[in-house]
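Here subunit A shows up in two complexes: once beside subunit B, once beside subunit C.
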Partner chain A sequence: MTSRTKGAARAGQYLALLAYLVFLVFPFLWLLSTSFKPATELGSLHPTWIPEDPTLANYRQAFDEQPLLRAAGNSLVAALSAAVIAVVIATPMAYVMARHRTLLARAATGWVVVSQAFPFVLVIIPLFLVLKNLRLINSLPGLIMVYVVWALPFALWMLVGYVRAVPVELEEAAAVDGAGRLRTLVSVTAPLLAPGIGATALFAFITAWNEFFFALVLLKTPEKQTLPVVLTHFIGAEGVADLGPLAAAAFLATLPSLVVFALIQKRITGGMLAGAVKS
Partner chain B sequence: MRRARALGAAAAALVLLLAGCSGDGGDSGGRITLRFQSLAWQQESVEANKQLVAEWNARHPDVQVEYVQGSWTSVHDQLLTSFEGGEAPDVIHDASDDLADFAYGGYLADLGKLLPRRLRDDIPRASWDTTTFGGKVYGVPFLQEPRVLIANAARLKESGVRIPTLDEPWSWQEFRSVTRRLGSGKGRFGVAWPLKEPVSATLNLSLSAGGELFHRRPDGKAEIRFEDADAVVPRTVHDQVNVDGSASGATLGMGGSDTLPGFFGGKYAMVPLGFSYRQQIVQQAPKGFDWQVLPAPAGADGLAQGVSPQTLSVAEDSPHKKEAAAFIDFFLRPANMVRLARGDWMLPTGKEALKDPALHTDKHDWATGTALARHLRPAPAQSVRGYPEWSDKVATPALQEYYSGAIGLDELRKRLVEDGNLVLRRYQR
Partner chain C sequence: MTLATARARSGKAVDHGAWFLVLPALLPILVLSVGPLLYGIALAFTDSQSGRTEPTEWIGLLNFQDLRHDTLFWDSFRIGLLWAVGVTVPQFLLALGLALLLSQNLRFRWLARSLAIVPWAMPEVVVGIMWRLVYHPDAGILNETLRDLGFGEGRDWLTGLGTALPAVIVVGVWAGMPQTTVALLAGLQNVPRELHEAAAMDGAGAWRRFTTVTWPALRPIALAITALNFIWNFNSFALVYVLTNGGPGGRTRLPMLFAYEEAFRYGQFGYAAAMGCVMVAVISVLLAVYLVARLRGADER
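This part shows the complex of A and B:
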């Protein structure tokens, strides 16, 4: 390959990457632009990227009409708790499943995959009844339990991959050097698993942060509703929407996920690569 | 051993913590608390709802109402789950076309004897028919809206077409010729039909031509027949799009709001929309945009059209049905019904409320819509079991294909009737 063709290939790669980036960022930027447009611009036949007469009225109206901060707080509690608990439970389970490749472990992995195929509607009524008996309807702890259970299979599946990517020889070397089982896990395995744990926690967080149906069904009182449920209050019958305030509220709703992602992005990249290749 | 004990203690603490955190409403100290789930979503409407709840609470210290905001987006699934789990709200806001399944499932209370005579007499028989199944009343219909033509008034005047009135509306044939005159064929159309969900619009408007599609046999079972009257509206839309080019084919897959930018931009001279869309038009129309509300075209049965009113129901599991019915009675007193109707830009069902001068003003063409109220009838088939499946699986794709020109009228008839009756038969065994 000549240097010219190499250059052309590289330029093509960058172009493709740029196109993909635009594709990914477009909805977010459009949401941002929409949230600052007055109602008359929202109904324009020739919409513009930059609002001609930008306004904060949509944000004011969104906050006036709905308890967005309270709902965001509820979502944050539910999503953070679900992420932490899911990771705490899934990590040791994943370690066992990855290191002891027994028939039971294989069956458990298969079950994990199958469980992802269950539709929400199938599980929601039995789940509702179970939570009712536990007196956990209309409570954030009840919702967190559901989110943990819902995130656990996939979290487990992700973490098994990360554990397998940690060479078992490192643990054996630590054992030879005299480290006990617990010491080996804490000092050798856990640091290497940290990126994977971060990625898994982020997955659980975002899943819970965006989840709508369980929150809609399980939380009865307005004080406990989460952000995705409150966002639907801007939508009327037959899909008619109060577009400006909805865009403003939806834009704010995306920010926490972005912040969390930005904070642990480096760790996640490392984690994903670690899980991608088996030793 | 110590570790096992510690784990056990931790588990017990977790269970206690979780149980302690769960909150539940109910009665406390002799005071009754009713949960009222409202689907109001527009700012003025939510305010009206909350004010009425506050007024009730101030007057009834022993029966307090807790306002819970629901959402139209998933109300059916959410209610179904709540009913199954015995946790449904006491007072339920929904639409009449969503009630049949819940009524037949035994989830809703029969309000027949719970409601006062004042309320029963105030709402016309035709409206009660939308919530009556098997002789029992499962909801109080309180808000409704006709489908109207919202028109670019300036363009109509320029074209010199006859402006329809309530006394002399356009016939479907005249409507077609008017849209031909209004559409220049250069990206400007006489009408935009937002038919993303084509079934209810088609069936409801077909009543004007005498089309009912669903018929009751002597044995009480429903069957579908597609007669000449049923073809009037579908054929008009089809020909406007595919023969005359006077209706935009692009809007067939759109919702009502999606057509507004084109309407404001002069692309479409008219859009058939629900009466409540006026609020969006008032909010979004460019300054100086001149619009007006026209009655939908009339057929052999005049201005008749079908509606599915918004309703208030009481859960069968509610231990306080009498109190819930009393709250509904208060909530729907004529003056209150007017407040709710204005908040939602819709029409009240109540005869007294309809007389309110605020609903007869020319501003935003309230008077035109209010005058249409007496022509409204129950939407066809909303009490027929199997209708939702027929609508989703048979009628929606068939009508979409017909309107886009992919199939002809004979094929449409065959699918609606033959495939449709197979669906109904499964539900009526």
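This part shows the complex of A and C:
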């Protein structure tokens, strides 16, 4: 290959990359732009990228129109509890799945795969009936229970990968030194797993923070609803929306996810989903 | 070799220590996931309804017989398949291109990688809201751009009978790009570098190197992620619920939206569960593809 064609190929690659980035980023920039526009500007037929008369009024109005703070509080409680509980109960199981090739471990792996394919409606109807009998409809504890179980498959998956990355020889050395199983787990394996457990918890948190379907079905009154459900109230029954406050609220709801994703970004690009497609 | 590893390698039954470690996760899974799934399948054979005073009765295949003649359901099923194919295929091709680019030694690659994940971090509801703003007939950037470029006055994309489904498909492609790209990037790490270099030395062009070296190594992961994406897309709900709520005139009513309405608006639990069962039946075929791809991928390593 001559250096000239090589240069052209490089230029083409950068151009393609730029096209991808424009496609991936422009809707987000538009959301931001819309959130700072006064109502007069949103009513005009010729919208611009940069608001001519930027304002924070939409953000104020968003809080006036819908109980955003309470909704964010509900989301925080639900997502945080679900993430902590899921990781606490998934870690020991993931450990067994990674270290013991038993029937149970195989069955669990199989379930993890199959559970990815459920249409949620087939699970939510019976869950709705059961939670109703337990008087857990329209309650955060009910939603948290659902979120924990829903987070378990990918939590197990990620954690199994992290456990496998810890050399088994380290544990054997501890066992030779006379440490029991639990002792080995707590003093040798757990510290090495800590970053992986943290990433898994953050990922579970974000998934629950973003979740919509279960929250929509299980939470009936505005006082109990989570942020994604409350966001849809900004879109009126006929789909007519107050665009400014809608954009402002939507942007605010994304901030926590963006921050957490920035924190675990290295681990994501490192192949989080690879677990789902590798064994 | 210690006792623990001997046990691990021989694959004998779980010892008591392991049971103790497994139970905290296993119980919730059985009670809140496996149990409801079986209960849900059973409900499909009953006349369960919300607010019914008389007890629920076993009605055999009646729900399924009704489903057979429910043209609205088959419409939504067809739309679901169209949507799933329409999202999965372009998404795979675009993500493959992006993954190949990101595996090159380009400047600003780190920035591109970070930005490429942004759609993944956003709640689906926000993604839907965001694209409503993009598609907005007056205040949206899409129509304004088209106006600027001289393509007329633009349209009402999400409420037009012909444009609604393509419009939501574009959003679906956008929203799922990061996951697919990340999975393919991970797959590209399996591509043997030496083989690549050897092929280049032999004078193989980029396309030849892709078809003879990259693709064979990537194929198991590509197949698995495509099957999974198809399943996820077929089952998706939030995005289209926010964008069009199934409209206009049911043109974007995915099976999940249909089943949701049937169950939680009209209270037809049994009937909606039967829909779920039909969906599972279709998905099982793809799940089989996915499992086979996974197993073959594991063998080749």
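Assume the second predicted complex is superposed on the first by the 217 of 279 C-alpha atoms of A that agree within 3 Å, B and C clash if a C-alpha of one lies under 4 Å from a C-alpha of the other, contacts with A are read in each partner's own complex, and residues count from 1 in each chain.
The criterion applied here is as follows: a contact is a pair of C-beta atoms (placed from the backbone, for glycine too) under 8 Å apart; a residue touches a chain by one contact, two chains touch by 3 or more.
From a predicted model like this one, the values you see are computed outputs, not experimental measurements.
Contacts of A:186 after superposition on the shared chain: neither subunit B nor subunit C is touched. Touch criterion met: A:232 reaches subunit B and subunit C at once. Looking at the shared chain after the overlay, A:221 reaches subunit B, while subunit C stays out of its contact range.
In the superposed pair of complexes, A:15 makes contact with neither subunit B nor subunit C. Touched residues of subunit A were counted for both subunit B and subunit C, and C has more of them.
Contact with subunit B, but none with subunit C, is seen for A:40 once the two complexes are overlaid on the shared chain.
Looking at the shared chain after the overlay, A:137 reaches subunit B, while subunit C stays out of its contact range.
When the two complexes are overlaid on their common chain A, residue A:125 makes contact with subunit B and with subunit C alike.
By the touch criterion defined above, A:65 reaches subunit B but does not reach subunit C. By the touch criterion defined above, A:241 reaches both subunit B and subunit C. Residue overlap on subunit A between its contacts with subunit B in one complex and with subunit C in the other: 42-47, 121, 124-125, 128-129, 145, 212-213, 217, 232, 234-235, 239, 241, 243.
Taken together, the subunit C residues at the contact with subunit A in this complex read 1-5, 7-8, 11-14, 17-18, 21-22, 24-26, 28-29, 32-37, 39-41, 43, 48, 94, 97-98, 101, 104, 106, 108, 112-127, 129-134, 136, 138-141, 144, 147, 159, 174, 177, 179, 182-183, 185-187, 189, 206, 220-221, 224-225, 228, 231-232, 234-235, 237-238, 241-242, 245, 255-256, 259-260, 263-264, 269, 272-273, 275-277, 279-280, 283-284, 286-287, 290-291, 294-295, 297-298, 301. Taken together, the subunit B residues at the contact with subunit A in this complex read 17-19, 21-25, 35, 39, 41-43, 46, 66-69, 71-74, 77-78, 81-82, 84-87, 89, 95, 197, 255-257, 260-262, 264-265, 267, 274, 277, 280, 283-287.
Of all the residues in subunit A, the ones that touch subunit C in their complex are 9, 13-14, 16-17, 20-21, 23-28, 30-31, 34, 42-47, 49, 88-90, 92-93, 95-96, 99-104, 108, 111, 113-130, 145-146, 148-149, 152, 156, 168, 171-172, 175-176, 181-182, 206, 209-210, 212-213, 217, 227-228, 231-232, 234-235, 239, 241, 243, 246-247, 250-251, 253-254, 257-258, 260-262, 265, 268-269, 271-274, 276-279. Against subunit B, the residues of subunit A that register as touching in their complex are 39-40, 42-47, 61, 64-65, 121, 124-125, 128-129, 132, 134-142, 145, 212-213, 216-217, 220-222, 224-225, 229, 232-243.
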